[in-house]
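Some structures are shown below for you to check.
Shared chain: subunit A. Partners: subunit B in the first complex, subunit C in the second.
Moving on to the complex of A and B:
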């Protein structure tokens, strides 16, 4: 006799865990299926945890969640081959509890989250892959797993199966992912003594620093680099659009190797012992590339639905929020005695439209296109900025006015006045 | 028929590293797995159950987290699982562990008499291969070690025939049950759990026994007190300083190969050459 649940959640990342947790807490019967050996074993993220989304579900998460450092300083670096120019924002306001942002290690964090999901009453089954959705006409009525006797039924299925979302693709809910809509990111974790991190980044206790990087480290490809401080390690990584990697013929690990050798970055990771290397796709196609996110008896949450704000490097918070809203939709419908039909599940879309999730997705909807067609943002500008700074800061008997003229001249030569104005306009439109 | 399979949760030794300075084992962050040899034992037990019917109970002694190993065993098809866990067991060596397990097996057999006890050949963290034999001795059971396969079981006459790997080949042995069998790797492969068993495993209430429930009569025989073994030092072996050498040879003929090899050896050990030459006369 096949099992039947109110809801099956496929995947145990932040979106799936949020959905399963919220559903189980409300008393629905929930089965969560994860293909990894344990929740988190296949999940990869930078990783920054933005407290807000999690706090809305689990207000006391700080008591026992495995968090690394709370962020008190954010650096934005624009790099050329030998320099960086950038801004640092550090504030003691970030030292006031409750902290707003943390670095975390996802394999540990996801395990913790999953324990909370189980404690809330959901049944979690790992090492089991959902091979396809069971359909009755258009309606999703359950899932088929790769195990003998694998059919399991449910009134609704939440697809939290990550960036590739093979299940939704197989069911025909969306077409194959396009290389221009996904970034490929690689990262390494370098372990070093806590004192060394404190000295190097000028922090104490659980304070931490994040560095976001753009510029020539991505060789003109659309992408960014990052460096995060954990308790006893430093995470360093870089990600670029898959289509750009393809076009350039560059491999991600080679890019990371070069980035690690950059004179501004090398000293920060020196002496560390590399213990982990991971790679992952990030859905960065933005609003215009989003698949439909609900239908007859199904909803898509998290990466599977392209819920990533690439400009602000946010993803897990969108994942958690979509997971929570998907769950809340089902809870409401169940309480009202309504079916999980597409017409009723539209409420999920409405909830997201009202939240920051869709507002942000829409705000930056043109960003991917702007950056795709204007590689100068990742190549020329970093170099021009760096040259300008060097010109101004080099004391060599030339008066400042002449230096300014020279800088303006370089900018115009490299991009032309029209190009500069055009770029400004494009960026303004995209950010508007 | 009732089979008890003793398993142990161990750190995945493939992922253990030795600290380069202190030479101690770094267990931090190393995932816990079921001792691989125990899985061969469990699979062999499950096959017997498939063929002859009966019940398979998995048993472990360890910290509360060892429950995960038992749950895994349930997902493969074991019927019952018992976790013996108590502070008094902390620091047990093989002598104390076999005492605790033997007591627990006696308790289990009160529910249904135990015909067979299976264990892995050894664990991958202790590598002693002593606990299985220790349990057999304490329970006064026949002991069969290094068993690669159970050939047949005669439930009427309480006899079992197994294949035992030995240096010269394979021994086929027959003994009477109840007996304890330690199982070798390589003759069977753990099955892929069915969906129904996955559900069962995630819902199964593992029996958790403290020292009293496990029937421990003499606490001084458990834990550190009952453990005469002393680990005086743990160290990582230093890699060999001498590197392997590749010897070039003109042809591939066996004769030429041996001449080249001998010349090389004699070149290094002229004494040896003289000695052999003397004896050849």
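Moving on to the complex of A and C:
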């Protein structure tokens, strides 16, 4: 006799854990299936945790969640081969509790979250891969796992299986991802003594710094680099659109290695001990690339649904919010005695439309296209900015007015006046 | 470029290899050799699992795979990659993620 649950959640990342936690807390019978040896062991993130989304579900998460540092300073760097020009924003306002942003280590965080899910009453099984969905016509009625007698049934299945979203694809709910809609990010974690981090980044206690980078480190590809401070380690990585990687001909690890050797970055990681190298795809296609997110007996949450705000580097908060709303939809329908049909699950979409999730997805819907067709944002501008700064700051007997004229000339030569105006307009349109 | 050994990076990682059950395979080897000009998998795989052999054949050894999905998605002209997740509990086991 096969088992049956109210809901099966596939995956134990932030979206799956949020869904399973919310459902179990409301008393529904929940089975959560994770393919890793423990929750988190297959998951990769930068990683920044935005408090808000988690706090709505677990107000006391700060009591025992494994958090690394709270962010008090954000640096935005534009790099050419030997320089960076940038802005730093540091405020003591970020030192007032409750803190708004933290660095975290995903394998530890997911494990912690999963303990909360179990405590709420969900059944969590690990080391189990779901091979495909069980369908009755259009309707999802369960999952097939790679365990013996692997069929498990449920009234609804929440697909929190991550960016590759294999299950929905195998079921024909959406086509394969396009290389232009995903970024490939690689990163390393370097351990070093806490005191060294405090000195290098001018922080104390659990204060932390985030550095986001654009420029020649991505060799003209659309992408960014990052460096995050953890308690006793620093995470450094770089990510670019897969379609650009395909054209460029540089291996991801070579790109990371060159970035680490940049004169502005090298001193920050010097002496650290590299303990892990990871890679992950980030679904950055935006609103226009989103798959359908619900149907007969199924819903998609998190990365699997392309819920990432690439411009603001947000993902896990969208994952948690979509997981929570998917769960709330099922809880409401269950209480009203309604079926988990596509017509009723439409409410999930409506909840997301009302929330920041879809508002932000829509706001930036043209951003991927703008950057795809205008590589100068990642190539020419960083160098032009750097040259301009160097020209102005070099005291060499040339008057400032002549220097300004020279800078204007360089900008126009490289990009033309219309090009510059056009770029400003395109950026303004995309952000507006 | 070749100076960078991805193996040295992967050496830091934890794996439970499912011997005899590779989760990635090439569907039609002739396609890689004859039809594919780019062979982007051999450059873009972040774990260097894909190699172009001297005879023009592309091979994949998925033991060091980070399970990102790059090779499958990047093969968008030929759709020649059979890609599934490893069996439960096997594959990469991230210590930190």
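Throughout what follows, the second predicted complex is superposed on the first by the 432 of 432 C-alpha atoms of A that agree within 3 Å, B and C clash if a C-alpha of one lies under 4 Å from a C-alpha of the other, contacts with A are read in each partner's own complex, and residues count from 1 in each chain.
Going forward, a residue touches a chain if its C-beta (ideal position, glycine included) is under 8 Å from a C-beta of that chain, and two chains touch if they have at least 3 such contacts.
Remember, predicted model here, so these are calculated numbers, not experimental data.
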*In the superposition, subunit B vs subunit C on subunit A residues touched*: C
*Touch check for A:164: first (subunit B), second (subunit C), both, or neither?*
second
_Touch test for A:128: subunit B only (first), subunit C only (second), both, or neither?_
both
*asked:* Tell me the contact category for A:178 with respect to subunit B and subunit C: first, second, both or neither.
replied: second
*Which partner does A:384 reach: the first (subunit B), the second (subunit C), both, or neither?*
neither
*asked:* Quick check on the superposed pair: does A:148 touch subunit B, subunit C, both, or neither? Answer first, second, both or neither.
replied: first
*So which positions on subunit A get touched by both subunit B and subunit C?*
37, 128, 145, 147
*subunit B residues touching subunit A - in the complex, by the definition given at the top*: 31, 192-196, 198-199, 202-203
*Within the complex, which stretch of subunit A touches subunit B?*
3, 37, 123-125, 128, 145, 147-152
*Okay, in this complex, where on subunit A does subunit C touch?*
35-37, 40-45, 47, 105-108, 110, 126-129, 131, 145-147, 163-164, 166, 176-179, 182, 184, 186, 188-189, 233, 242, 245-246, 249-254, 257, 274-281
*What part of subunit C is in contact with subunit A in the complex they form?*
1, 4, 6, 9-10, 12-13, 16, 38, 40, 43-44, 46-48, 66-70, 72-74, 76, 79, 84-89, 91-97
